[in-house]
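In this document, chain identifiers A, B and C correspond to the written order of the chains, with residue numbering beginning at 1 in each.
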């Protein structure tokens, strides 16, 4: 990727990293635009975006198959990929700022597992809710449940791992493992209670995939993720201040408690919605912010928007691999992000052990 | 990238050619995707395999079927993957999905035939008739259904005779992941085939495939343990199975009564069910009856 | 800045047992005392970092009723030590003291502040790569940027420093204390927890000597730093203004003209 070009020399960044970050934003926006076109143009079937555009330009009707492949399969999948990728990367950056620690990732610290448990519970137990509630929640039921699931998971994690404004990395990772284990136990319980058709829904959902992208899913996730992405930039100054420590941040005029609460809610909303529509997709939240910090520094004013852009591009790229690797079948995208991301995570972990310890 | 793009180009050419062929023929479905092991078997039994262009992961019999492109697991079908083989009909066992994919496929005006699943002789006959009707081979299907029903009835009668009114209890073990036994309860294909073959399901407390506790297994005291033979090294070795504490005290373990059969043959509920009944019955009560 | 009847209990132990404190703008006020006397706790109570009972007034307003940004506009607090979570550069850390943080418009204040703490040329180095003493001076530059003008709109502003010279060499001890003096001389208020009694004697206008959670003495250095008071507070004889026996070298910062 072109990121390495802007990376500072080991001695320290020579020029103002804000300028580099702004340039990077432009580059990443162009990258995302390119990936989007690529993603629309590329699929298992022979439908060609260019052919379709040519037809439209010439005033010809598209064939029904082309229309379906472009507008009901690839386009919602593209939009969902952008939303989920941006949501996961920004959630990762927010969590890392909140915990003052670059290893926090929604999937690693159990937030995704919490969202997953709640979403699965909604799928299986949702039918037991009063009809009026089901009616009101509609297709949002799973998203709403996932939001509360991830919210509770973050609150628990924060309470366990943060004492007096300081987060212990070891405690955070261990608490994450414990929360994941607990959520997985709950998931097992739900699976046990599920009937055969619900089990099918769970199986598919569990794999982590954008293959089920439909406009209904896009509309269920988009408002929540959009709100979260809108809220994130307002947290930038607060999270920068938090890097100094909670007390010091407060003395620079940052309403620490409010920043923390808003960050937790934002992460819960973004992760919850992303998990609800795409299952468990890991490591985007850790890889993307880390690369960006290497390139242009930890300033959240540029980190958060750039993470959104790069996260979206990365997920589109992973999705394209998932579509063509074993075509006409598909590889679950969660497997691809894990294969790419897990070694990266280990690398960060080892580097941290080497330099400053945990 | 270059390998991928060359692949992509090649794929496009193949598909363009396929589309061209498709346009020329029209009407009776000639580009069929078969989803579900038993459905594919029926298509072959009706000698209509030349109309198949792709299959799902579970369609592994007869061996030639494996040559067809694989569109993935029947419950996790990707819409564009399925459409990419340019099908004009999808013959799918009940329960294929996910529903989002089915919606798109229907919208794309691909004929989608859902084949009802029912673990009984009548269910198999209904599957055959459904597939036959979809293929426009009603007469052949009627004949096949009659033949299969008769074979099953004969196999079942022979099996009952072999059992001699004292059915042996059988525990169907789906998997043994981490020493945890997933057993087949009521309303499963395993339950049906055990009863058809003159045995009795050792599990009576629950429906579906569920993890079963050690004591519950000991108490169920199965005389025979039935497993799927997955081939290769996927299946658990007999000595490992016997080492599981829950299995050890059962009469089946003490007598070494472990039966393995090919999964699709055993619980596929396709045209070969009669031979599955006979094979299982012989495994339960000894060859020759 | 006044504090009345400050009491702090951590766990079941009473750390501060009713402390009154006053600092005036235009002066450097030092809080001194032996280890464990509660001097740092007093500072943290007055800045709201530890729960306390009592009242703290800043320019006549009760700090408990003020919002973080209102406080931040008239008071900056230098922490004793500060590990930073991410690879920020020195300049970025100092810019965090600006009102809008890193989003602030360009300003030459951060670079001027760095020059004042003798870190000109360090702006683009990574904070994490600096020594403890250098990090401490970066933090000082940051808090100075936050309340750059000692008086704004006729209202004095405050620098609160927690052991600002703890890990500095003697040259930089002077650099830092000179900055504090200059800030006070221009009308601002400076409150500093101090460990070094000689430096305190030299730079403080007033000293509050804390001992066992209470104020042991309070006043100008000449009143507070007496042999009797120090001997009682520190539990050992502390001769004041006496030359050591012949042959022992000794350093008196005071020998430098203030």
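Things worth noting here:
Heads up, the rule we're going with is that a contact is a pair of C-beta atoms (placed from the backbone, for glycine too) under 8 Å apart; a residue touches a chain by one contact, two chains touch by 3 or more.
These numbers come from a predicted model, not from an experiment.
The fewest steps needed to get from chain A to chain C, moving only between touching chains, is 1.
The greatest centre-to-centre distance from chain C, using averaged C-alpha positions, is reached by B.
Closest to the protein's overall CA centre, chain by chain, comes A. Computed from the mean C-alpha positions, the centre of chain A lies at a distance of 44 Å from the centre of chain C. For this pair, chain B with chain C, the centres built from the Cα atoms lie 78 Å apart.
Rounded to whole angstrom, the centroid-to-centroid distance between chain A and chain B, based on C-alpha atoms, equals 37 Å. On chain C, the positions that touch chain A within their shared complex are 47-49, 67-69, 71-73, 75-77, 79, 82-89, 92-93, 96-97, 99-103, 124-126, 128-129, 143, 146. Looking at the complex, you find that chain B touches chain A at residues 4, 7-8, 11-12, 15-16, 19, 54, 57, 69-73, 75-76, 78-86, 95, 97-98, 100-101, 103-104, 107-109, 208, 210-211.
Of all residues in chain A, only 42-46, 48, 64-65, 68-69, 72-74, 192, 195-197, 200-201, 203-204, 207, 209, 211-214, 217, 323-324, 326-330, 332 touch chain B in the complex they form. Those residues of chain A lying in contact with chain C across their complex are 11-15, 17-18, 97, 100-102, 236-237, 240-245, 247-248, 250-256, 293, 297-301, 356.
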